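Going in written order, the chains are labelled A, B, C and D, and every chain counts its residues from 1.
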Amino acid sequence: MSLASGRTYLAIPGPSVMPDAVLQAMHQPAPNIYEGDLVKMVDGIIPDLRKVARTDGHVAIYICNGHGAWEAVLSNTVGAGEKVLVLATGRFGHGWADMADGLGIELEVINFGTKAPVDANRVLEALAADTEKKIKAVLMVHVDTSSSVRSEVPPVRAAIDAADHPALLMVDCIASMGCDRYEMDAWGADVTITASQKGLMTPPGIAFAFFNDRAAEVRKAMPRVSRYWDWTERANPEMFYQYFGGTAPTHHLFALRKALDIIHDEGMENIWKRHATLAKAVWTAVDVWGSGGPMTMNIADPANRSHAVTALRLGFPHGERLRTWCAENAGVTLGIGLGMSEEGDPKGHGFFRFGHMGHVNAHMILGLLGVVEAGLKALDIPHNAGGVGAAAEFIAQATLPAS
Amino acid sequence: MSLASGRTYLAIPGPSVMPDAVLQAMHQPAPNIYEGDLVKMVDGIIPDLRKVARTDGHVAIYICNGHGAWEAVLSNTVGAGEKVLVLATGRFGHGWADMADGLGIELEVINFGTKAPVDANRVLEALAADTEKKIKAVLMVHVDTSSSVRSEVPPVRAAIDAADHPALLMVDCIASMGCDRYEMDAWGADVTITASQKGLMTPPGIAFAFFNDRAAEVRKAMPRVSRYWDWTERANPEMFYQYFGGTAPTHHLFALRKALDIIHDEGMENIWKRHATLAKAVWTAVDVWGSGGPMTMNIADPANRSHAVTALRLGFPHGERLRTWCAENAGVTLGIGLGMSEEGDPKGHGFFRFGHMGHVNAHMILGLLGVVEAGLKALDIPHNAGGVGAAAEFIAQATLPAS
Amino acid sequence: MSLASGRTYLAIPGPSVMPDAVLQAMHQPAPNIYEGDLVKMVDGIIPDLRKVARTDGHVAIYICNGHGAWEAVLSNTVGAGEKVLVLATGRFGHGWADMADGLGIELEVINFGTKAPVDANRVLEALAADTEKKIKAVLMVHVDTSSSVRSEVPPVRAAIDAADHPALLMVDCIASMGCDRYEMDAWGADVTITASQKGLMTPPGIAFAFFNDRAAEVRKAMPRVSRYWDWTERANPEMFYQYFGGTAPTHHLFALRKALDIIHDEGMENIWKRHATLAKAVWTAVDVWGSGGPMTMNIADPANRSHAVTALRLGFPHGERLRTWCAENAGVTLGIGLGMSEEGDPKGHGFFRFGHMGHVNAHMILGLLGVVEAGLKALDIPHNAGGVGAAAEFIAQATLPAS
Amino acid sequence: MSLASGRTYLAIPGPSVMPDAVLQAMHQPAPNIYEGDLVKMVDGIIPDLRKVARTDGHVAIYICNGHGAWEAVLSNTVGAGEKVLVLATGRFGHGWADMADGLGIELEVINFGTKAPVDANRVLEALAADTEKKIKAVLMVHVDTSSSVRSEVPPVRAAIDAADHPALLMVDCIASMGCDRYEMDAWGADVTITASQKGLMTPPGIAFAFFNDRAAEVRKAMPRVSRYWDWTERANPEMFYQYFGGTAPTHHLFALRKALDIIHDEGMENIWKRHATLAKAVWTAVDVWGSGGPMTMNIADPANRSHAVTALRLGFPHGERLRTWCAENAGVTLGIGLGMSEEGDPKGHGFFRFGHMGHVNAHMILGLLGVVEAGLKALDIPHNAGGVGAAAEFIAQATLPAS
């Protein structure tokens, strides 16, 4: 018997659940793109985006997905034949490297595997070894959605400074923005990218680059930048269409405007606390389950785990069985174990992920954990019961005023 | 700290959560109400409504709420000065009686209190005592939303038959239709009413009367029936507007059409099983919590509990505190304790209700139970922990194939 | 070849075209009906409704269509066996009379046919003849949607006063409210009804009664009023549900709130001027066409024509041919000729109507007229060309500041 | 007095009016992007896109606007230092050239001004002069939205063939696709681009490249192509995300699916006829108005005019006055005169455009023309009246079966 008929919960690590009001905001006729309300609306979006990234820097909006944002910021700062240092902590670090390769950029990749964050000492070593200062940018992924590892940005900044190296620090915050704390200016990132479909609670299709004056200077020194990716006019348009390098993404802008209203009504600090608490509730449940069976979190140290997504291993083929059970019986879609595999499990069917990013509350998370606990039991996968109860208790404590 | 920002869950006993596709279906321009697609659509709605009520009888659609449906069917069958026997098992039985009183109908009320279902023996006694056969109809509420008690219909039918009494059996299925099993023809109801906003997953604003040929004969013998409430043309229209006694409720019909599609795609038997299972999951959790504290279900015997709603007592003022906590901290709205009060609690702040009707799945219910467990803990209300875990285990067992 | 594929225009006299923002406002999840935002919202709706009807009186909201509103106000004021004077100027006057008949009310009908407004002299005669003051209410239809005639209210008030008669003056403004000027208090109406789906730009399904203290006194003297129709608690609720005599029509209220915002942003005087101008543009075109062929307006004297709807005769079977042509070729749905027929045309296929009520602007009306002009030509129905051009010129003049 | 309050008509040359059903289709929760319904849906979109472009070739979908599509196809086929021949017939030809310049491509531009189509003889001359075959591609804009000129594709193909030149023929159909007849394969285009927001009736944000095997071969020979723009995997994906080079544009895909349903329900031949007829209706009106005043169409020869957009000159400052009048008084937004200016009118306030692309029917166009005729009169701009009437007569004739 299926108990799935109801409002389903998409617990994948993006696209994330959108507020009803965001979808509602998109449901309106095409607007004039040359003058009027739309033009005024976008002028207000820019400072609100800055507040999300904690920066006073420049903002460029791109019609593209996250992969496009990777290419966009590289196109503005690193030419063919120049070099980048890529800090890979999962599939997406390698993806960004691949995008750089497509632009003819020379790669130096430090691979931290899929279970550990960036080690800033190794960054320092690599930069120190670059005596000719050929490395033009250091690319790091704040939260790698595949491994769910979160790396600290300030130590990398410190390493660059310690090496007295001119490389730009470029940070991919696609999975983390609006979920995990991120402070672009305070932490010393020169370039930050993100996309619409995770913590920003807007459908996929637009992405953002934030950059500081140092990065802007690097751009100015570039001999040539593709017109579509050039951030110069996008960040400082004389005419409205220049924001978007052509026709505006009208309905995404309607959605984004509403999402930013919701975000700033709650407040960034509150949003970060909410995500931290809900993530810890998830981990609490997994710790209980895992104490009696094979379930483990991919990232052992809680300090290195993202608050937006949790990658797990359950062993072949239990990850896939659990995902299927949750969807067919309980109305929950879990994320696949992206980029994971091991001996005997070439397709990664022993792995899965919980997305808990963006528009997510205690009800949704406790429902998710309750469903997983039911699924483990129904599928006879070894575990200790009590995970969802422990998570509920954790949440109870978290909501109390600090004593 | 609040963890409420996310998709909120309205767990009140109606209006219930609507499928996104139902809301989407309502979002279209005004249609022609004289010819074309709308006219064809309504012709298909009628047989699909019959399948929900398990009847081959007549169907009348009314633009009104449930209270209007009470008045509608009385207006067709019982005149001023005539008499009805009302079987009251909560606030709504008395409400229907009050509606009859407004029509000048004489009342005989058997009050079963708020904790027990109809006792058919007492119905038999009352009818046997009515030697002049003055009672024109027996009114019963299948599920009283306030007390969450469910009364069996067949024993009441049997009592009427045993008394050889001509009274019509009229059943209010507003809370139960599409949630608790109901078989109008097989169970011998003459008239059944329901409304759109619970198991039918459509916004409040339209209601339905089903009636058999016996009831139609009673109508024909009435000296006069209000044109608005007269079901004759509504159930057998020559022209489209007669379905609705005037202008069609266009957007409710769009919603209803989609809701009926969803209902019959799942199938009535599957829907009833789903509600039974989810209700029992709720009770399982409450049993655990109540074993260590004051929480009790209003209806002691599970056989008498509705699968659509559960009324509870937590004691003053804990019901209200819990309701507030769930809304402010976790994104869940619980139902108030309608019509309940006790010494020291004139406003019923010790009572509350869970709605679990209509578009509801394992994720929503386990999330609800997880939130309540967290709330009990955060508010330091005595209870045994483990309720949501026990419910998850119950659900796991329920989804397994019968051995 | 069809040129219909595009945004179609429903030019029937109700339901009318709704603003996109109204439909958008309806697209949201079910709200709590016991407390919170919905409750506050309705409190603000009441004064905004009063401003539309130009009254300081009482307001009752009913979940029903316009036919229900007829029954509602009669139920509050006129008992079975009592008498009303009905002033019929088309199908809807007779419809209201029929509704009264269903309540056992005695009827005196003055039939002004389908081409003329109420003649207040005849009202005075009838009231003067009622020396026993048996007539409890005078029922008039401000604009009869079928004939498109508009009758003046103040002369009827004057006639009642001149006859020194206690009868209530009850006015049906279903078609006219928010289109033709109407001032309930200044004009001396005691009771006014309207419905949601015309000038109020909300889907059909709710209706409204406005009544003054005199009418309230009459209600109080009634021996019994049906609970559903009783306006007492609806107009002066202690608890929220009493506004609606049960469950609130949640999604209609969302729509109505937005529609009232749009209405009062424009302003009643501006709305009335807009409708007057657009109606005259329609008549200007018809005058041109009719000068060379059979097209005539049902109401000869412009002073007696509604600004919300125009009924026309084109002769059998041209009305129906034109309606079909416009729908199939040009994306416009014209209204049928409701209640009209003549020798050789029992189904009224020589008649049709233009709806121009509510959310309607110069573009929509000139498009309508252009399409009709094209249809007359394509169907080879005799007419003088130049109707739409003349209407455009009329509109040009109307928009100029008065010299 | 304003007559603008009603459903407004956005008559700009893109984004175009969208069907209500397309907006409705976008209003749904985020889907899973790894498996399930979305994946199946996209597989069906590809052949339906091919049918719109009349090609059996390859299809790549890009998340970007039209400017992005320009860069995309250049990136796949022309390297830095290589050369293209650009045939400019308005602002957008120069825009494409500018995009090529940004990629380091050498430009040869034949400027045909803003009032004439491409002259294939000059193309032949240019190619014949390229004895070293350095020109890698000929870029032409089928309909230049700024000038509204339409150039014939087959003569350009013939010129390339006559010169026995290997250059690819790349055609920008952003404004014309789904409006003006276009037959990619029959006409010999090697690459065709378009975007979502005009004839495809979907919000701006995705664009499309169609290419044949010859173009695919050119791509394969490129030493390096940017990963984001590389069409190889997009047109032949092994995994779903490769269609989009990353995260799928979920809500645009929902919209596009519905738009393609609407398009193919009507049929390409019918769509092209509808646009041709409505465009000619517009020209008929303009011819009348212009016969008595300054209004002229930018493109003198009807054979060279697009069926999707009409650019006009009214003389300073009448274009801007008319645009303002239509918006403020009548609910119609006209397009600005993009890229137009003349002595005494540096901002092009004497110019404007009618968009009549995509979801547009006789009602919308006749309303547009009626409004413009009213505006000319109200503003006292010299013109002969009767334009809208003449257009209505033209439409009447066009809908008749051919004799």
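Worth a mention:
Everything that follows uses one rule, which is that a contact is a pair of C-beta atoms (placed from the backbone, for glycine too) under 8 Å apart; a residue touches a chain by one contact, two chains touch by 3 or more.
As the structure is a prediction and not an experimental result, all values here were calculated from the model.
Annotation: A-D is the more contact-rich of the chain pairs A-C and A-D, by number of C-beta pairs in contact.
Centroids built from CA atoms put subunit D at 44 Å from subunit C.
Centre to centre, using the average C-alpha position, subunit A and subunit C are separated by 55 Å. One simple way to say how far apart two chains are is to compare their mean CA positions; for subunit A and subunit D this gives 36 Å. Looking at subunit A, residues 8, 17, 20, 24, 27-29 sit in touch with two or more other chains. Taken chain by chain, the contacts link every pair, so each chain touches all the others. Contact residues on subunit B toward subunit D in their complex (touch as defined above): 20-21, 24, 27-29.
The part of subunit C that touches subunit D in the complex is made up of residues 1-9, 17, 19-20, 27, 262, 266, 270-271, 273-274, 277-278, 325, 329-332, 359-371, 373-378, 385-389, 391-393, 395-400. By the touch criterion stated above, subunit C contacts subunit B in their complex at residues 8, 10, 12, 14-18, 23-24, 26-35, 63-68, 71, 75, 80, 98-99, 101-104, 195, 197, 203-206, 224-228, 230, 244-252, 333, 335-336.
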